[in-house]
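Look for chain A in each of the two complexes below; its partner is chain B in the first and chain C in the second.
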Partner chain A sequence: MQPSYLKVFLTFARNSLVRDMSFRANFIFTCISSMAWAGMNFGLFKVVYQFTNSIGRDSGWGENEFFIFLGTVWLINSLIQTFCMANMERFSEMIRMGSLDFALLKPIDTQFLISFPRMNWAQLPNGMLGILLIIVSLNALAAERGDNLYLSIWNVLAFVFFIACGLCVMYSVMITLASTSIWLGRNQQLYNFWFYITNFYRYPMEIYQSGTIGWTLWGTFTFVIPILVVSNVPARVLAQPLGTPWQRWEWGFASLAVIFAIVSLLVSRFVFRSALKSYRSASS
Partner chain B sequence: MAIIEIENLKKSYRVYQKKEGILASLGGLFKREYREIHAVAGIDLQVEQGEFVAFLGPNGAGKTTTLKLLSGVINPSSGSAKVMGFTPWRRENAYRRKFALVMGQKNQLWWDLPANESFRLHQHIYGVDPTEFKRTQDEITELLNVQHLLGQPVRELSLGERMKMELIAALLHRPEVLFLDEPTIGLDVVAQHNIQQFLKHYQQERKITILLTSHYMKDVAALCKRVVIIADGLIQYDGSLEGIVDRFSSDKIITLQLAETESFDDFQNLDDVIEIEPPKVKFRVQRDDVPKLLSRILASRNVEDIIVEDPPLEDVIASAFSQVEQNRSDADSLHAEAVS
Partner chain C sequence: MESLGLTVRPVTWWHFFQVSVNERLVYRGDFILGTLMRFLPTLTQIFLWWAIYDSVATNPTAVGDAPDTQIAGFRYGDMVAYYLLVTISRAFSSMPGLSSGIALQVREGEIKKFLIQPVDMLGCLLLQRIAHKLVYYLMATLPFALVFFLCRGFFIDGWPDAEILAVFFVSLILGFLLGFFLEACIGLVSFWFLEVTSLMFIYMLMNFFLSGHMFPLDLLPTDLQILGIGPLNLRIVVDFVPFKYLAYFPAAVFLGKVEGAEMYQGLAVLVFWVMFFIVLSRIMWWRGVKRYSGFGG
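This part shows the complex of A and B:
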């Protein structure tokens, strides 16, 4: 009589898909608009690279390297938006309306139950575009460097692993934030906050490494809310921008990515559980 | 041993007292006044296995809060409760697999999907064996006569149909204890009746324990032998439905049917008369006064028929509730005077 978490997860996925498909026009429209956003994003940086060869002086982020970075960011964004964002938003609303009651009755981990029920499949095509952009740019990069084999299967596996670490961090940040609605009564800052942090994490960390403001931002987003690690570590594993100060710290940042993933999951679990203790439901 | 044991259970909330107006709202950003609300103010209750108990009480009496405490949805301020040996607010999975809560005002089914998709999700969450799941689902949907609606999106069901689906979802894992919070609210007479019949049948068959809150006296009369009246966070009465009248009302209603030749004019001046509708006249008098009144009238009037009965249950309960309300506001104003 133990619940099967995998089956429950797959049922969530299936039910969400059935639901999305029953609002076909909305589904298609969401796909088109988010892909259009990706296209414009791509176009913007194409324009930027007409004026320069690399972002940041001697940063190693030439056009192809950068588009691998951009593809990585799209992939992480899309996975979080597909699997998490709608649920985090909903969680906050459940607390205010008191419908968290039902989640608390179920003989299954409550955090799991509120984290994944609504998947937003229309956000997934962007991730596909990200992967496509990465593959195309990798090919171009290999041609540019004249070395088809500079990546091994280990790089690809490491990429997947660090993407997973990054997802853990992003998920933890969002659920921690959503949990605070139990104390705040209401938290409508979720999407705003998501917008703020994704604005900073979609660039290589080198662009922050100059001047007081730059280094402050770098320190904040590397060690306090470690979103720069989330995007930079997997992107670097593939793009391997050459001749950057990063290379000296490669292992350091890779270990940070793992440590942050574990610590942030533990912290978010702790915050979630403490928050539940303060849940007071709402009138019937 | 009782299946539900509640001892001196209390739950209070601190509620922000918002004042009217924009300036006061701005002030509320800096300094807030709170009021302590004792939703449940110390309840003791024992329920045996197989009992069907109704919670009655005015809005805000603490009925729903009690059910939420027993479901483990919220933590108490103090006191203890055991349901099937479990402390509800520890939220152990072993406990959560054995009970269910249905709330008439909230829905847990996926709004945009057919109910059977939500049922399947419940199957996986509760880890119910597929064949047993199928059997239970077939059995209950048949009893409630909703087989043909299983594939229809929940948002396209009527309120009554949706409530039936909510009930099914709650029963798929065969709970031993069921908490029903106003399951028939807003339903038409037919749907109410259907749900009552179903609950009655299901409870007798399975011998499960049910706590029900409802504002419909018909629900209570049809289903529950035992009634608990909660008001002001405290239990005011615990006993049979009929016993309520004895406890809260010492009145009788007397209806007399007079001969057509009789005049009704002088009845209008009597205090005890509550209704004159020739050829009938209705009195409400203290139980002890019944013989005196009857002998007086029988001596002077030509009476064709006499009915002596208890006042309607609804009236008795309504007056019992308002009595409690009155006591509370008296206590509040006393308290306010003492403070000022």
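This part shows the complex of A and C:
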């Protein structure tokens, strides 16, 4: 019998919420702490924008545009941390302890089963904070540019669509990283590695577009590990096209987001399956 | 509590020290790679600040040229050099796991062994830290030297003179002591509250923002208006708390941002803070142990 994936997913969601709610003080504390870090991040750029009115010459990332970008990054980060992060760490541990055996025996797709069982709801408020920042900045931008700012429903839908594409890419990068722990036995550096990689997608890609090293980084994180596309495309949909029609390269860049979403899902699926073949249980 | 004779004590300390050194050498495997990875965030900072300086610059610069403007007295090179130097200050002053380790020992009752044995807990922890840090510097020298060599162009004025270098090194050592005793005090709070996680968190947050880890403190606004309160001079606020000595101060000394009488004044204040937290941690230890009751074992 084919299991109902939606039902299983919702059960995971409910169970995790119940679990989170049984340690309520801890839940609230985690919410506050992640929001406080976001606040620090915001503070840093408030300080920066005292001294400049744009990041990058004529790049279009003025204060309000940039805070739309920042809100987008918070939203993506929070969704990844809510739905994936804990599971990937757990997966790495399952391989080491040999408890992956139980997952393999279940009559459901293994990748699905290990990807979503534990959701960390405490990370979600950060995403809401991101949405709030986006809305406030859009309003400020409208005031700044006069009333020619017109955000159609299509912009919002495109934003949601590209966020979804971005999540596919991030999920794929993560599951690929986690799969490597099957070969390595244990991957303790997973979280660190993740932190160092995501560090590159927190800023508009324009800052890398100068010099050899810059363009190399840009190329690597656009075409090899396509994380720059993840944050830049949705943020650009809201912050940049307002009032100005998109250029041809922007269309190209946006279609890259869709292509990469599909390709990276396929690649990560392939990596996961071939990694599973080398899995040898840890029990005696 | 009775303490050991003066001849035996150094021997005990030496053993503690040796054990801690060996403990650390076990994990040298991917250490160098890990240290190099630690500079990746600095790489993005280099690009971020280039973009910022480039957009502030009055006359357009050619690609690859450093923009000519200053932000709060920092040239572009100074800014990057600052972030690199802060990694050094942090290598001295950060104490991962110290507070939570002490809290755990108090909670789990492991602290009893220090009450029974004639060994001082804080002294023992300090020796452990020194050993760990020394091993860390020994192994981190190579990756650090490599990164600083590659980035030597950002240090526009080259090496500072001997006097400034001396103050720089002294402030690093004092920064280490300040970091140690400050976090030890936070850990010792667990005698009164078993859970210090939230206190640790507040400390980390303040440290991150007010120590200059995130940006040079010279950038802080002098007339902040917040929720109808103000104008608030944040630069004066950071002068009255000890955090800036954990990251900002050594880097600022090296770059000549703090010099002359002001530099020695800063050093004196740093000494004051170190003494303050040494005394505080002693008092907290005595009072805490009096309160403490261990069962079982």
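Basically, the second predicted complex is superposed on the first by the 272 of 284 C-alpha atoms of A that agree within 3 Å, B and C clash if a C-alpha of one lies under 4 Å from a C-alpha of the other, contacts with A are read in each partner's own complex, and residues count from 1 in each chain.
We take it that contacts are C-beta pairs under 8 Å (C-beta built on N, C-alpha and C of every residue); 3 or more make two chains touch, one makes a residue touch a chain.
Owing to the predicted nature of the structure, the values given are computational and were not obtained by experimental measurement.
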Once the two structures are overlaid on chain A, check if chain B and chain C clash or fit side by side. fit
Tell me the contact category for A:T52 with respect to chain B and chain C: first, second, both or neither. second
For the overlaid structures, how many degrees, to the nearest 10, lie between chain B and chain C at the C-alpha centre of chain A? 90
Taking the superposition as given, does A:N192 touch the first partner, chain B, the second, chain C, both, or neither? second
Between chain B and chain C, whom does A:K7 touch in the aligned arrangement: first, second, both, or neither? first
So, does A:V224 touch the first partner chain B, the second partner chain C, both, or neither? neither
Taking the superposition on A as described, I'd like to know which of chain B and chain C A:S22 touches: first, second, both or neither. first
Would you check which partner chain A:F102 touches, where first means chain B only, second means chain C only, and both and neither mean what they say? first
In whole Å, chain B and chain C in the superposition are separated at their closest C-alpha atoms by 7
List of chain B residues in touch with chain A within their complex: 13, 64, 68, 71-75, 91, 93-94, 96-97, 100-101, 103-106, 108, 110, 112-113, 117-118, 120-121, 124-128, 153, 181-182
List of chain A residues in touch with chain B within their complex: 1-4, 7-8, 11-12, 15, 18-19, 22-23, 98-102, 104-108, 110, 113, 277, 279-281, 283-284
Quick one: which bits of chain A touch chain C in the complex? Just the residue numbers, please. 29, 33, 36-37, 40, 43-44, 47-48, 50-59, 189, 192-193, 196, 199-200, 202-203, 206-208, 210-211, 214, 217
Residue set of chain C touching chain A in the complex reads 30, 34, 37, 40-41, 43-44, 47-48, 50-52, 54-57, 60, 63-64, 71-72, 197-198, 201, 205, 208-209, 214-215, 219-221
